[in-house]
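Structures are listed in the sections that come next.
Across the two complexes that follow, subunit A remains constant while its partner is subunit B and subsequently subunit C.
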Partner chain A sequence: MAIAASSTDSTLAIQRPSAVHRWLQHLTARPSGLLGLVIVVTFVLLAILAPVVAPHDPLQQNWKVRLEPPLTSGDDGQLYILGTDSLGRDILSRLIFGARISIAVAVLAVALRSSMGVLIGLAAGYYRGPTDAVLMRLADIQLAIPFLVLAIALMAIIGTGFSKIVLVLGVTGWVTYGRIVRSEVLSVRERDYVEAARAIGAPNRTILFRHVLPNVSSSIIVISTLEIALMITAEATLSFLGLGVQPPTPSWGVMVADGRDLIYGQWWVSAWPGLAICLAVLGVNLLGDWLRDVLDPTTRGGALQRRLSKRDA
Partner chain B sequence: MARFITRRLAQALVVLFGVSIVVFVLVRITGDPTALLVSADARPEDIERYRTSLGLDRPWHEQYLHFVGHALRGDFGNSFRHREPAIALVLERIPNTLMLTGAAMLLAYSLPILAGLLSAMRPNTALDALIRGIAICAQAAPSFWLGLVLMMIFSVRLDWLPPTGSSTLRGIILPAITLSAFFMATNVRLLRSSMLEVLSRDYVRTARAKGLSESLAIRRHAFKNAAIPLVTMAGIQFASMIGGAIVTETVFAYPGMGLLAIQSIQSRDYPVIQAFVLVSAITIVVVNLLIDLAYVWLDPRIGLEG
Partner chain C sequence: MTTKRIRRIPFLSFVLIAVLALGVVAQSWVGSSVEAHLQDAETPDQITIALASELNTLDPAFFTSSNEQSIYYAVFDTLVTRDADLNIIPGLAESWETIDDNTWEFRLRDGVTFHDGSPMTAEDVKFSIDRIIGDFMENPSQSKLATIQEVQVVDPLTVRIITTSPDPILLSRLAGIVGWIVPKAHIESTGFEDFATNPVGTGPYKFVSWVKDEELVLEANPDYWNGAPSIGRVVFRPVPEASTRLALLKSGDVDVIQDVPTDQAPALEGDENLEIIATPLLRSMYFILRSDQEGPLADVRVRQAINYAVDKEGIVNELLNGYGIVSQGQTMGPEYFGFADDLEPYPYDPDKARELLAEAGFADGFSIEMLTPAGRYQADVTIAEAVAGQLSEIGINVEIESVDFSVYVTRKLDRTIDPITLGAWSQAVYDADGVVYLLFHTDEPWGVHYSNPRVDELVEEARSTLDQEQRLELYREALEIIREDAPVLFMHQQTLLSGVKTGTPVLTMPDETFIVYPKW
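The block that comes next holds the complex of A and B.
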């Protein structure tokens, strides 16, 4: 066993530089993917380092510097790069702290969505028959209720706040994963190596998690990236409607709502948080599109090859 | 054909049955709905009488049958706020919402087709890059914010269009663009990629090789096939728009059922929320059924499979 482990280690060690090289090549072949990665990494770093990089306290109200336009220093002599809101809070600092909420809600909700969807999809595809029929009818039912309608009704009933928004966004989104995993399981389960695993008496669980799941992992990664973008928007939307994260916690959606009645004069109060959402979603989408092209076997190489040959020409 | 239609109808009924259970459960998630319905200072015997009058002392399956029996007759109880039947309030607003989603669907399935075709026919040119750039940015913009930005530009600065939405031609333009932007962007990208894929297929190459003009080859052979994913997406996009309409209607104070739903949520008007969820689901199921029928009409092979 130890010998086997060390031998795989050594092969990995030999392959590693080429794998890194390959990914770098993929990235440089498509600048939009690189741009997406840079945007995402920037937002994640800002979120982690928020207390260090934010110039002001995001919750500190100051009635002397209410609604200062961007790039002006208030009566207190401090510079407010993106201006202040109607309570005199620094918008840039609130944006930076808002990234924490956005990223945390999106990542946790997607983790919940994907694990629910993957389990349901594996069960439906592997057991087929009545299990499959019941689960897929459940999917139909859920799709007949628009995601936002269901999310809003649930938030209204169970109440608002960080953990509830994660729960509601998490449990309402398994269908995309469930359907894709199911269809992949249906095709994979007929393959020879799964047949062989079953023939040597491997238990269902081993077959599902060792042999079937790795085959659907790249689809799951791609969907999850794009779902993160959807969840960032969903959190902001619910918070904008007053059904998500509650003030004074700095959430981008709450911040846009704060500036809703100020669009006649103080445009910056709602403009900046909206742009932050756009940029974050754009970054995640660019990264997701790139991952899809790299990981999807039907386009793998093809897209890259075309790009590379074009550059050479 | 007939078998396909009956099967789809049966499926639709199963879905609606499921939705009715979801709606029934929604209000009972928190436990006893009377806690939400009576004022905090109500006397215990009043609460008990209220529970009995709502049938909450009976077993849950009896309660469900009671709920469905009334729901089938369109009875969800009276709105707490308006003292009117909840269903009437929702149905009153549904034409406005259908007008808004209809206008948004029209936008999502007109302009993007032109843009997607332009993009796909001249791939990797400046025009293609511009169209794709706009599409990917429009896809990232949250609709509630886009609505505010459009309002800021076209109502406040330019004073071209009213800042509040209404079902008039002038009043529906901004809300429809706001609701549709994400779907327009998605459809441009969808059509571009499916068009590029179709254009590389053999039958298009044959059409070109046999001397068909480029525009004829595209119109007759490529576009029809490339448009299939768009038709498939129509039902899903319509459902999303019914949800998105809640946000758009709130931003523009557009008098549709989405705005009603948000107002009802703020005042904990549960009968209206229940009626809203069920009416949304019925609308979506019916529209999807119609799209499926249109599909059979467009592509007879689908009907034969069922």
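The block that comes next holds the complex of A and C.
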């Protein structure tokens, strides 16, 4: 009894730290992954703590200190670290609040895309036959229209604003998820444990969400991470074109557009938000690349992860 | 191995983006100092003008923007034209007289020929006006000459214009906009569609070529009746992006650019090869406050409160760097006949605004939507944001909707604009009729959703009264009522900045046109 108990303890003790340890190893072996993580965490923290860390009110106009260059204090004696825009608003504060918009739009849009795509992919891969054929032809049709063109057209029709941009970015991107999930499901559904579940009479719903979905989840996580970067640029693009978030709400895309005509004299108005978009996309991409390597079943880390998740299941 | 290569891509693209961004910024300094010196000081052979918007048609009957008027002025002539002080002077008509209140007789200049060599006669004048007022084609400009009932050819060099009612501003209507004289025989043989891309006129410049969205080339007409132009070629290039226009001017690729953002003016003033021309425009900016809908704006006190709440002086002096003139409680400036120079702007008085709001029952404010076109009018979105910011100070929470100009125009014509909507208006007739009638008369297609029977009466009477003193009084009374009713938030008269290579012989007019060959 004592022996059995200690052996259970020791397996647990060995197994858990080793998983964390491996992940840490992956991170240190890939400094770019670490960098990505640091950037993403920084932006997320800034977004959450925006009212605390922003030095000024992002909407407060002060025409006396408009277009102050970075690191100068205006006539009002206040320091504007990244300068002010054409209405005398503090650019740093607007950037910090802009992170909220970017992250919120990206996360919500990806949540919408992935849930649509996963459901469609699961259905197509699991039921096959006519369901599969119809859904995948729909995917082909959607793929034939370039994503941004479709998004711009939809925004022009339904109008602008935060909720609408989330909706448009959300419904136009299920195909990537749908196709990848479908192809994975096609192989997973032939596995023994799925057969076994079916043999004991488990309903389709249980098989799909208990046994199939967890085994395609790593792909979903990787695509979602990379798609976050795509959504950040898409939001910025639409807002830049005036089709997304509306001024005076501080969106990075709107801010770049604000400074478009000023690029000669007052580069900082659009350069900082441009740099913020660059950094955020870079960070998410680095993190996504690293996640892909770790979770990819064909690489060592992925195999490990697959084994761990199977054991947990 | 593969993963390593993939891993580098974000870094590489990041570096590339950074280099590109630096390049754009750096070009502004390097470009201006080096290339400006390479330019010859004088290039009188050709002038290249970068316009802020695209040209859509070269047929004046179908004109869509003031920029097209620059082309018409060079290629065509009108019966009468304007001098530097905007007084009416002879054009293709060397003299005119009124036979009675409704009949005008014009004596045409002898020996004027079109660019195709055919002589200009009374038949061409009749054709040019008939094709606009007549029903034989769909013409959006019909209303511009709506007071003309008939054109009669008396002899080859004499033409009579009969108006439906006495028209005090007939000459103004004929001196531009759609009053351009086109060759009857030529159009009848080639058709309107061809004419829209291949115009033939009597003007100082002949049409050479036009590649839409790229460039339009004109060439001096050596046989011009008023003397051949000294500048051989004029090229117009549409360049919608302001920063691109600045780059072209700084690099010497163009000689003149339209619409320099006011914040960029100091950058050009520092360059001794370039200069800024500031032209006070006919165009007035205002915000429509829809009084035709239920809601807070139906109460005149709320509309007045909005007028008190906005610091017009501050917007012009701070946001536009002083380029602009605060409107004197009317949507026009002194360039128009009928301007009331003793009306005052609403003063900036937020306390008074709050008081009025409270009186109207909105002490706690309200929320409202505001529509603005993006990038069409000078600093449009910035001004909308500034006004929204000021209205929030008195408790009015404004939600801005900034849209593409084409969407804005559609909604304006569909009468589906937001309760508060940015507007900007100019009419090159230089007469209050073009402003007070077209904006404030009930149910005008471009109007500001305002209706007041007394104003309707006044502007209708002013439209058909020949006595100019009496017209002044009629407009004066209408303008006073409108100022008090505040169907708009009165903003400012715009000042347009053009950037030119020092010494370029080009004139910028209050109607936003460029003149290379003045006809006075």
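Throughout what follows, the second predicted complex is superposed on the first by the 286 of 313 C-alpha atoms of A that agree within 3 Å, B and C clash if a C-alpha of one lies under 4 Å from a C-alpha of the other, contacts with A are read in each partner's own complex, and residues count from 1 in each chain.
Here, a residue touches a chain if its C-beta (ideal position, glycine included) is under 8 Å from a C-beta of that chain, and two chains touch if they have at least 3 such contacts.
In this text, all values refer to a predicted model and were calculated from it rather than measured experimentally.
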Per the contact definition in the header, classify A:247: touching subunit B only (first), subunit C only (second), both, or neither. second
Could you tell me if A:263 is touching subunit B, subunit C, both of them or neither one (first, second, both, neither)? both
First, second, both or neither for A:158, with subunit B first and subunit C second: first
Taking the superposition on A as described, I'd like to know which of subunit B and subunit C A:293 touches: first, second, both or neither. second
Output check: A:137 vs subunit B and subunit C. Expected answer is one of first, second, both, neither. What do you get? first
Who touches more of subunit A, subunit B or subunit C? B
Touch test for A:86: subunit B only (first), subunit C only (second), both, or neither? second
Would you sort A:63 into first (subunit B), second (subunit C), both or neither based on which partner it touches? second
Which superposed partner A:278 touches (first subunit B, second subunit C, both, neither): both
By the touch definition at the top of the document, which applies to A:200: first (subunit B), second (subunit C), both, or neither? neither
Just to be sure I follow: which residues of subunit A are touched by subunit B in one complex and then by subunit C in the other one? 156, 242, 260, 263-264, 267, 271, 274, 278, 282, 285-286
Interface residues, subunit B side, partner subunit A - complex: 11, 14-16, 18-19, 22, 26-27, 29-30, 124, 136-137, 139-146, 148-149, 151-152, 156, 236, 239-240, 242-244, 246-247, 250-251, 261-262, 265-266, 268, 273, 276-277, 280-281, 284-285, 288
Parts of subunit A lying in touch with subunit C, wherever the complex brings them together: 30, 32, 59, 61, 63-64, 66-67, 86-87, 156, 159-160, 242, 246-248, 258, 260-267, 271, 274-275, 278, 282, 285-286, 289, 293, 299
Where on subunit C is subunit A touching in the complex? 3, 6-7, 10-11, 14, 17-18, 21, 24-25, 28, 241-243, 246-247, 261, 263-264, 266-267, 314, 318-319, 374-375, 379, 381-382, 384-386, 388-389, 399-404, 407
Subunit A to subunit B touching residues, read off their complex: 137-138, 140-141, 143-150, 152-154, 156-158, 229, 233, 236-237, 240-243, 253, 256, 259-260, 263-264, 267, 270-271, 273-274, 277-279, 281-282, 285-286, 310
